[in-house]
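So that we are looking at the same thing, I have put the structure below in structure tokens.
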Amino acid sequence: MVAEKSALPKSVAQVKVLAQPGFMPAEPRSAAEPHIWRWRDLRPEALEMGQNVHDRERRVLRLGNPSLAPRTATTNTLFAGIQVVMPGEVARAHRHTPAALRFVIESRGGYTVVNGDRVPMLPGDLVLTPNWCWHDHCNDTDEPMIWLDGLDTPLNGLLETVFYEEYPDEVQPPVDVMDKGLTRYGGRALLPRWEEHHGRHSPLMHYPCEEARSSLVRLAELAEGSPQDGVILEYTNPLTGGAVMPTIACHIQLLRPGERTAAHRHTSSTIYHVVEGRGASIVGGEELAWESHDVFCVPLWAYHEHVNTSSEPAILFSYTDAPMFKALDLFREQAHPDGRLGA
Amino acid sequence: MVAEKSALPKSVAQVKVLAQPGFMPAEPRSAAEPHIWRWRDLRPEALEMGQNVHDRERRVLRLGNPSLAPRTATTNTLFAGIQVVMPGEVARAHRHTPAALRFVIESRGGYTVVNGDRVPMLPGDLVLTPNWCWHDHCNDTDEPMIWLDGLDTPLNGLLETVFYEEYPDEVQPPVDVMDKGLTRYGGRALLPRWEEHHGRHSPLMHYPCEEARSSLVRLAELAEGSPQDGVILEYTNPLTGGAVMPTIACHIQLLRPGERTAAHRHTSSTIYHVVEGRGASIVGGEELAWESHDVFCVPLWAYHEHVNTSSEPAILFSYTDAPMFKALDLFREQAHPDGRLGA
Amino acid sequence: MVAEKSALPKSVAQVKVLAQPGFMPAEPRSAAEPHIWRWRDLRPEALEMGQNVHDRERRVLRLGNPSLAPRTATTNTLFAGIQVVMPGEVARAHRHTPAALRFVIESRGGYTVVNGDRVPMLPGDLVLTPNWCWHDHCNDTDEPMIWLDGLDTPLNGLLETVFYEEYPDEVQPPVDVMDKGLTRYGGRALLPRWEEHHGRHSPLMHYPCEEARSSLVRLAELAEGSPQDGVILEYTNPLTGGAVMPTIACHIQLLRPGERTAAHRHTSSTIYHVVEGRGASIVGGEELAWESHDVFCVPLWAYHEHVNTSSEPAILFSYTDAPMFKALDLFREQAHPDGRLGA
Amino acid sequence: MVAEKSALPKSVAQVKVLAQPGFMPAEPRSAAEPHIWRWRDLRPEALEMGQNVHDRERRVLRLGNPSLAPRTATTNTLFAGIQVVMPGEVARAHRHTPAALRFVIESRGGYTVVNGDRVPMLPGDLVLTPNWCWHDHCNDTDEPMIWLDGLDTPLNGLLETVFYEEYPDEVQPPVDVMDKGLTRYGGRALLPRWEEHHGRHSPLMHYPCEEARSSLVRLAELAEGSPQDGVILEYTNPLTGGAVMPTIACHIQLLRPGERTAAHRHTSSTIYHVVEGRGASIVGGEELAWESHDVFCVPLWAYHEHVNTSSEPAILFSYTDAPMFKALDLFREQAHPDGRLGA
């Protein structure tokens, strides 16, 4: 029997009168400000951390946006970090609901195991470890491995959806063949049809550098590309043609020497990593000059444009929460009325 | 020319070492606690507010969850309020990205205008004012109108996606025919095919009480319903068979006299409004006894079960953020290992 | 061991040279010609058949299009028939892959059992018996039941996909409650959420006359409707908002007194049944004058327009293979260059 | 005014009584019988035709199934032909609603132009010319080009949906860059995002041999594949992960030396082309021994199994109408009760 014992379990004092005029802003302004982290600063710190911090788990320089402190977040919903795995180390196996990606900066080999599949990691490779997939990392080479960690931990924090589980052993069992997933799902528009993939994320965990780079270079010879992004490719889930994960989309783009993009803004935020080249981005009124391996962020609804200031192609990798906003019908995009911001 | 003027626009001092063991919890625990707001407290306050507060906009008792203060939120993502429109008043026209619904508690008439369509509001009616739809309210009767306001303002706050715009005039133009949308889209599985509906939300803004109530009563005679929810109907977008809005789903359910549901929990949160009847819900270990027009919330990942403690049917209206979690692949559900919590 | 015994199992003489110029027409011309079957002829024949033909199965006047003989087809893909069930008779239970619908013309009661659900049949009701659903019919009244049978048997014949199975007993077991499916799925944009419907067709087998008729009449007061079809409603699958069955869509439309529609044509074909009223259709150059309960067909790619020649509303029920053509990307539609054909 | 002049525009004599018991078969039996066309017969005929037939359009050996004569069809819905383009020839530009594919057998170069994109054709390449895409072919080499033509002309014939249009000029304009579509859409799970593809078919018109072949070989080393098909890959639309065209899916499969597949049947029909290797298929009770470049068909609902009787891998290309049956909910599949048919 459910007794009517509870009088008022909580006070109603919380009830307040709302005088609403102006309680909503005409348009959003993100708490996150534009920010750039320079590789010339990050790399020494990363290596020093590699020497001095000993950790069976993960050793990560967090690229926390100062404007968002004390939250550990790079934009409102996305996180970027620099992870280091020293020679001979493993980062032990676990899984979590936050979706993660790795974009390799320095490596002579080494690998990530995702749900039992051993995925090699070489510079420029994109490796996914989606929502609730087991993953461990191992550096079996003589040089440190350094990569960019991208996660939606801030989003999962906001939505209170973090689940976490440790693998029963330190690492997943060894396998005899590497990169099975790439062999299965990495053909050009070819898919195996004797098995079903469960899950909303891509079945492909490895997007090798060379393929993306050479596709970009070939495309840059024959296509203008987007006014706002130049020649840009999305890494996709080959089973759907959509984003690699429901909360994060990944892109790689090439800016030709001297190319300047048109300015626009959108409700999604983006974190950029400079794969190669030199240029600058004007983001929310600030000019961020960048070069190889720098990391910078474009907060929600901040106008931005990019320029390649050099005489070589510049290549940017980026990840964004746009799929989430589109799924929720909260995606908006707006061209800057002046077209371009810079000179 | 983009000068390399900017040295380091932001310090890298933000970079920190992360020793991660245990940085993620095994499962989430919402900052929101279970809470109930009782109609016997709310109604007098609402009417007093109606007398004393004068506002051209909206007069709302905010059911802020004390555990979430200073945020104005009922669960982490959803808001509930009690809105009062006094005889002769209008609440002037505006639109915003937060999605809203109204569930009418007291009214002798009166209406909401949504994107030009005049929608009557009678007790038990559900009225939608989705993302970016113009809406104004008018009470042209002699009695106060009181309704439950449901919004995803907390979610839009978390995601920094609030856009707001005032209508150029106080109200939208008068119309000669009421409830055109209901006539168009409110047939039983009948849809007009000479026009296209744009937008991801339902084209139907009005779900009259009588239809929902009588469907429930008829169903309760022939179906067991769900172990966790009894006989439960979802208000749907007739163009898709899915949720009425991408971020909010609405349901109405009937618990038979003495019926007790099975306990479960999910990553979505839910706000309940007692349409009629008397019973109790055990939510996250707390027993919340309820009766007509009370409002209570079930936070994310809190076990809950409901019981009708009376000898009459009990009817609950509820709204939930489940469609968002499903779209992001973050929806999880778990039955309580003991089946039922209460005696 | 697979022996190489077979030299050439079939001659290659079949191989022929193709000189292709002109082997494809600029546009299609259906083998089916426009045709009308008049109720004043059909009804006496139907009743006479009811007296003289004794059949445990089904007694159907086939509305075979003379231009398609010896095929039993009304258009290239669709069939229409007039089925009669005499007082006290049953049409025994079976199922087949061809999808079927019944539109009731005369009845004082009687019912169809579809997959165990007993569905009443009154004049103007639409009853579905989709692909592979068990169905039997029973007339437990004192008057003959007469209805329009609509099937895609010609399509299934063309595609060689007819499967058929007899029910082990003459009829499906009796039930205590009628029309459970309508109670479950027939609410206005309300869906039960404790059960999953399997199958691509509508879970709703019964679309009562009164609902469709009254929706049409209300809509005709406030909407222009489509230039080609007037005020037209589609009977839909409430779980998807789409066609009731993957191969057949059903519509009901109202033409106001004197209303004449614009002429167009499409790759789908349509069979019309006059629910009430008097008018004419110009189809492929032929004028077909119609009145209550007449049946006529519009073949693929034939221009057609309708006119209500009376001073009362005219109501037409119709079914079409358009969903198939849309699924196969073979749907095309074209307005007549002159707008209207008739005077 | 629409006069009531027309008495009975068509006789009602067509109306007949239907005594239906047994009018539908328990399961379908295709009019098409299993058939094989051997390359040792086809090639000389093709080359002789190349010498003797002069045609500005297309020169095609039609692989009409004798059991379907006088229809020009290989299965009920699909057509196969052997097309020859002699050195220096062009097959002039046109488009039609039947969807087409080409699988190249012999070629030293030469190309097809599809909607303005010049696509090279080398042995083993798959080239699409979908519904309503302009296409012309040109052999600018010194050797004859020979390929397998696959079309759904029989389906379009059955459905009466053939539209055809000649290009204003003999060929589409020359281009400076070849295979732009492959550069755009042929990356491994990489898609350009600055342009929208219109149409339901794949945006990719060229699936080069080498990619498919090497994917198969790599997969055969690590995967069992399907019991019924061995290691099988589907050529997909990279924008959706689905079939290349709404009416036709294309696959390539590898049978290891000695591998014998399990027998099954389905409502779809399939046309096979032996890319390389030697083996046999038991189809509908007939054993069809095959070797390189032979073509054979599996009619609807005929049990079939394949065996590689050699000590080298065998590779089969095939195309099927399965997507159509799935779209219409008419796809059925059944394993043979005995598992395997052959010894």
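In this document, chain identifiers A, B, C and D correspond to the written order of the chains, with residue numbering beginning at 1 in each.
Keep in mind that, in the parts below, a contact is a pair of C-beta atoms (placed from the backbone, for glycine too) under 8 Å apart; a residue touches a chain by one contact, two chains touch by 3 or more.
The structure presented is a predicted model; accordingly, all values stated were derived computationally and were not measured.
A.B. asks: Determine the set of chains touching subunit C that also touch subunit D.
C.D. replies: Output, common partners of subunit C and subunit D: nil, no chain qualifies.
A.B. asks: Roughly how far is subunit A from subunit B, centre to centre by C-alpha average, rounded to an integer in Å?
C.D. replies: 32
A.B. asks: Go ahead and note the Å separation of the Cα centroids belonging to subunit A and subunit C.
C.D. replies: Result: the chain centres lie 52 Å from each other.
A.B. asks: Counting only Cα atoms for the centres, state how far subunit B is from subunit C in Å.
C.D. replies: A distance of 41 Å separates the two centres.
A.B. asks: In subunit B, what residues contact two or more other chains?
C.D. replies: none
A.B. asks: Under the stated touch criterion, can you name all the chain pairs that qualify?
C.D. replies: A-B, A-D, B-C, C-D
A.B. asks: Which bits of subunit D are touching subunit C when the two form their complex?
C.D. replies: 1-6, 8-12, 14-21, 24-31, 34-38, 41-42, 45, 49, 53, 55-66, 69, 76-77, 81-82, 96-98, 131, 156, 158-165, 199-201, 245-247, 267, 279-280, 282, 286-289, 300-301, 307, 309, 324-325, 327-330, 332, 342-343
A.B. asks: Given the complex with subunit D, which residues does subunit A contribute to the contact?
C.D. replies: 177, 180, 183-194, 202, 204, 207-208, 211-212, 215, 218-219, 221-226, 229, 231-241, 251-252
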